[in-house]
């Protein structure tokens, strides 16, 4: 039942995503006691022209 | 005003999306009484390498 | 694996939520073929002072 | 059709929310040309014990 | 700390996104007093076949 | 810049939230190289009557 949504800039490798999913799931199950097969982790890749920090797109930094 | 976000793995056809949007909207209006033209349904397709269940990416299953 | 997030104004009864969850899950499984026990439906209640349409809070309408 | 979700710490006044909704809607319509009555702004208040920056809950800062 | 998510149909230019990010950030900092470098704006582009209003996909309108 | 949203049933203690935030932030920085002070973790508590699995509200299980 826990659903974890990770929003970040695009460009991570499949291996980084694999590791994020594995380790975040482990944290969730260890801390909350939720059964592992109930944990969804969704990674959302966002283009640099679609994310701004301090009012400036990452594409412009 | 109700906004429904459907997060799922990519790969559904346009026709499946059309049907999801139509039928979910019907459920919302019938159950809540919200006017149909106030209902937004947004379908979010996620690649198999971006979604994990039980700590394992769907791309690896 | 499909996760459905329903964002709406607060004030629905438990029975309306029960019906929304039941019927939206049925639509998802019928249209996409996803197994029922993989479908999460999360209903998010928002106060009228936290939602605006056309620039005006529902609390002010 | 644009839906804007503003996630922030709880504690803003109704008047601040009113102003956020009004001005964000104006930005959206002016920049994108979307009709005003198609713009939803949803403000999500999060308790300080539910939001962390740099690994530390705001409740602990 | 405020995170603003703008969900809209794809098709906006980089310049429109730049302007949205700049002006929404200015509204947030002016109204809430949040420091500019704490404001994230994420623009999510959705294909017309993934968004429905009144039960009809924009791709079908 | 990574923003992590953890959606789960309400009822976790502040200490569990503190631990989730700390450890998820550590995973993100270690795997992606993002600077710690750029990581937001937002925990969203959902009432049992607002979350359904397999079409049944947790409040009814």
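Here are a few things to note about the model shown:
Going in written order, the chains are labelled A, B, C, D, E and F, and every chain counts its residues from 1.
The definition used in the following text is that a contact is a pair of C-beta atoms (placed from the backbone, for glycine too) under 8 Å apart; a residue touches a chain by one contact, two chains touch by 3 or more.
Fair warning: this is a prediction, and the values are worked out from it, not measured in the lab.
Contact with both subunit B and subunit C is made by A, D. Averaged Cα coordinates give subunit A a centre that lies 21 Å from the centre of subunit D.
Subunit A and subunit C have Cα centroids lying 23 Å from one another. Residues of subunit C in contact with at least two other chains: 1, 3, 7, 40, 42, 51, 53. Applying the touch criterion to all chain pairs gives A-B, A-C, A-E, A-F, B-C, B-D, B-E, C-D, C-F, D-E, D-F, E-F. On the subunit B side of its complex with subunit C, the touching residues are 1-9, 12, 16, 19-20, 23-24, 27-28, 31-32, 34, 38, 51, 53, 58. Only residues 14, 17-18, 21-22, 25-26, 36-37, 39-45 of subunit F touch subunit D when the two sit together in their complex. Only residues 1, 3, 40, 42 of subunit D touch subunit B when the two sit together in their complex. Interface of subunit D with subunit F (complex): residues 7, 46, 49-57, 59-60.
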